[in-house]
Amino acid sequence: MAFNKAQQLATFSRVWYLFDAKWQCPHMSGERIARILRGEHKPIYYPGESTGDCVIAINTRHVALRNDAWRSEALHIKREYAKTRYDIPLFKLHELDPTKVLHLCVLSCMPSDSIRRYDMARLYTFPDDAVPVHLIKNVCDQIRGSRVIPKRLDDLTPNDTKTFPQMFKWPKELVLDDLDRDKFVRVVPPEEIPKREVMLGQRAGKQNYWFHVPTSRHEEVKIN
Amino acid sequence: MVRLLRYGTIFGPLKDRWRYLYKRDLYKRRLEAGPEPERFRSALINWNYDAELYACTHRFGEKLNIESLRNAMTDASFLKQIVKQRTEAGLAATDQTTLAFTHNQELAKQGKQIAEDFLQKALHYWYPKFPQEGIEAITKFLLSESTIADISSGLGFKTLIRCDIPSPRPTMLTNALFAFIGSINENTGRSRAEVFVADFILTHLVGKDINEIWQVKNPMGLLTKVLEENGRQAPESRLIWATGVSSVLSTYVVGVYSNKEFLGKSAGATVSIAEEMAARDALRRLFETDEKRAQIPFDKLYKKGLLLDK
Amino acid sequence: MFISIGKAEINISTTFNVRANYPVRKFVHDNVHHDMEVQQLYTKVNNLVNDKFHQRLFAVIKIGDEQRKVTTEDIICKVDEFHPTIGDRIRFEKVLLVGSSDFTVVGRPILNPHFVRVEGIVIEKTLSQTQMEYWYAPRKKKVGARNYLWKDPLTMIRITNIELLGPIPGTNQSSSR
Amino acid sequence: MSQFLRRITSLPIQSIRSFHSFDEVTPAKYISTRLKNGVGSRYVCQLQRLTIQVCKEFRTSFGTRDWIANDLIKFAREHPYVVVYVQPRRHRAPNLVGEYLAGDRQWIPLSNCDREKVNWWIHSLLTQKGDPQWRLLKQMHTDSPSVQGIWTPFTNKPIDRITRTYPDKDLTEMEYPQITATQQIQELFEQQKLNKTS
């Protein structure tokens, strides 16, 4: 085999990346993955050519979204036919398919031209660590996360809280919330829970949750 | 601008029917008659052999006299043809007058010898670490008939050579070029002939890779032999990279090391190919004939004064 | 001046990397000129420069306000008028960058002619293919559309020689001081 | 003779119909030379033979006749490596045929060209390689495209990737994590302690 053939094989080889999506923001990591799938991270990138690399995204179930994005953000599916207009909130979508959130973020970061389909086909998403052996063998590099993984409150050891420097002293007369809410819990009898009336027509797509999900506007979600 | 729609043919838009039929008939006759027989360039009117030879002497900046060039350009088959024509014309073999010119076999032998020596010297000087078999393989490739035939047809000897058939065969072309080198050697001296060889035969290597001309059957075996000579340990190959192992576009990058020192690396679709190419790459780096090697200074070989003393 | 050795880049004019919003480790601290480590770098690069036999050099050249990366034995094509005829040897003045496999010297903006010599020879002067420009002006009675045909004169130049004539400018003084 | 700018060329038989304007479809080539011309110490002019067919009487070859009368000797003396044949052909259009070393031929009709234009065409034949009018796919030609090594996905990657088993723990964090608020407070606290102790 000639030297230049070996060189061409090396230069145009398709590199397989692994991405651990635990605690990562799908939007920021979606931008990185889209760039790698299109091959724009290579100096030999050319729009006509498919110089993209493959990416295996794991732990997409543990993706972290900002603030109350799980509830307020939604997947809008608009079709011309009736009854196919859906506004699925992300938490519902996550239940249906844990890998879909990251997939949609990468899809939105890709320019919507004809080869997007083929580039997206090079993205393999898995909800947990379980990856088929023949795929994990291909991996040769790992994409680094795009945010610092925070420490959960229940992971804090009492030692940390003690050593953390005291910024200021609480005033003596301050009363922390010592109300014991469990006492005032009332179990709602089933007959009181509002039934979902089946509504047809324009409201059909929107009215499928017993709590109000303002998908377009940002409002407080009233949970009773 | 309204354009009339007209019938059209390969001869252009159809104006008159009789013209179209006439041309179609001519075309059919041509196909039946077959291509024109090949003719000697000297058969055409605008041909003057002395002027051509005079121009040829000036073309390459070599000061040759016309007679030696005429000898270099005449082929043995041309002389045979003359003798045959004379015998047909009834002249007995004895009283045929000797010709003013001779064929170019001896000059060709001389030229080939000069070219061979010079090429060996130049390659050995510029690639000192390259083994002798490699240099011989390269000189054999450079002096092979096909290469020399291309070179001489590129120098315009195709029409200048006098031989029995219109387009000279590769052997005639090679003889002509070597005879030309021999005649330079006679007229102006060996150094001038060697500069000619450097400018036209050695430059044939410009686009080519030395390591590919010399096909090494078993690169790893050769590598072990070379390392033993240098007193280093046997080569080991390690996998440096492997992507897409189970996919179709799999790439392995294998590196060759001896006693933890890096020798060479290369990529391949499978591990065996990558290893073999890595061995070739290691050889290339050991012999210092890889891309970062400077190009052969074709015109400065003598200015560097390195070839004269050898 | 910016000298890069293989992978490690020595940024002589140290500038804080504005784009990165994180503290960038400085490769080279400020008073760098007379440091011992940089002296070795200068001497190493100068030795590489003298070793003429084994280093294929490449250069970036500006010709007819186009920049070309050239090595020896390669052909560049200059499009428009170019005075020299076939067989003329040219020396290129505007050399922006010179390098080999181990070092790269970048001029700001061009390198000193006493340091670098890049020569070429004119091989061929031909005409380009026939190029056509179609022009259309609506509502014009006499001539509404026009085809403008031309051929550009092309000149092919082969690069014959790239040489470094001396040590890298600016490095020998500091070593001698 | 220097070849001055000739942007507007009145090509003898340049009709729109014969012109093919689709750039992608026109025949194209890469730059190449015969026999690595120019690499060695000498340059070989590719034009071998030049045949000028001219009519002594017709008006169309007036320029060709002027050129032959005035410039032919100077041209032949300047370029001894080119064989020039002059063919007087009665009542025919003037032509220029250039034959090149590699055997290519170029034919240029000279009807109604004046002496200066004939000279220009002859010099364009002289400086050519033999097959002009190609669309160039690339403006340059190199045999050694890269000296420092062509980029591969592995050039700028750390070498330890092959030894790791994926998913790898320490490759998941950010490469240059920003200093979070808690870390800043802890650093300030340590500094305060240091200042107090020192």
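For clarity, chains are labelled A, B, C and D in written order, and residue numbers in each chain start from 1.
In this section, a residue touches a chain if its C-beta (ideal position, glycine included) is under 8 Å from a C-beta of that chain, and two chains touch if they have at least 3 such contacts.
For each chain, UniProt lists the protein as follows: A = Mitochondrial ribosomal protein L13; B = Large ribosomal subunit protein mL44; C = Large ribosomal subunit protein bL21m; D = Large ribosomal subunit protein mL43.
Small disclaimer: the values here were computed from a predicted structure and weren't measured.
Put simply, the chain farthest from chain C by mean CA position is A. If each chain is reduced to the centroid of its CA atoms, chain A and chain B end up 64 Å from each other. Note: centroid distance chain A to chain D, computed from Cα atoms, is 52 Å.
Between chain B and chain D the centroid-to-centroid distance comes to 24 Å (mean Cα coordinates, whole Å).
Rounded to whole angstrom units, the spacing between the C-alpha centres of chain A and chain C is 47. For chain A, residues that reach two or more other chains under the stated contact definition are 7, 10, 13, 15, 140. Annotation for chain D: residues 36, 39, 45, 143-144, 147-149, 152-154, 161-162, 178 touch two or more other chains. Contacts with at least two other chains are made by residues 56-57, 73, 100-101, 160 of chain C. A list of each chain pair in contact follows: A-B, A-D, B-C, B-D, C-D. Residue ranges of chain B in contact with chain D, taken from their complex: 45-48, 51-52, 54-56, 58-61, 151, 153-156, 158-159, 195, 198-200, 202-204, 206-207, 239-243, 253, 267, 291-292, 295, 298-299. Of all the residues in chain B, the ones that touch chain A in their complex are 209, 211-212, 241-247, 249, 251, 253, 266-269, 273-274, 276-277, 280-281, 284. The part of chain D that touches chain A in the complex is made up of residues 150-154, 157, 161-162, 164, 166-168, 171-175, 177-178, 180, 182, 185-186, 189.
Residues 34-36, 39-42, 44-45, 48-49, 51, 80-83, 85, 87, 100-103, 143-144, 146-149, 152-154, 159, 161-162 of chain D touch chain B in their complex. Here chain A touches chain D in the complex through residues 7, 10-11, 13, 15, 18, 20, 22, 42-44, 53, 58, 129, 136, 139-142, 144-149, 164-165, 167, going by the rule given at the top.
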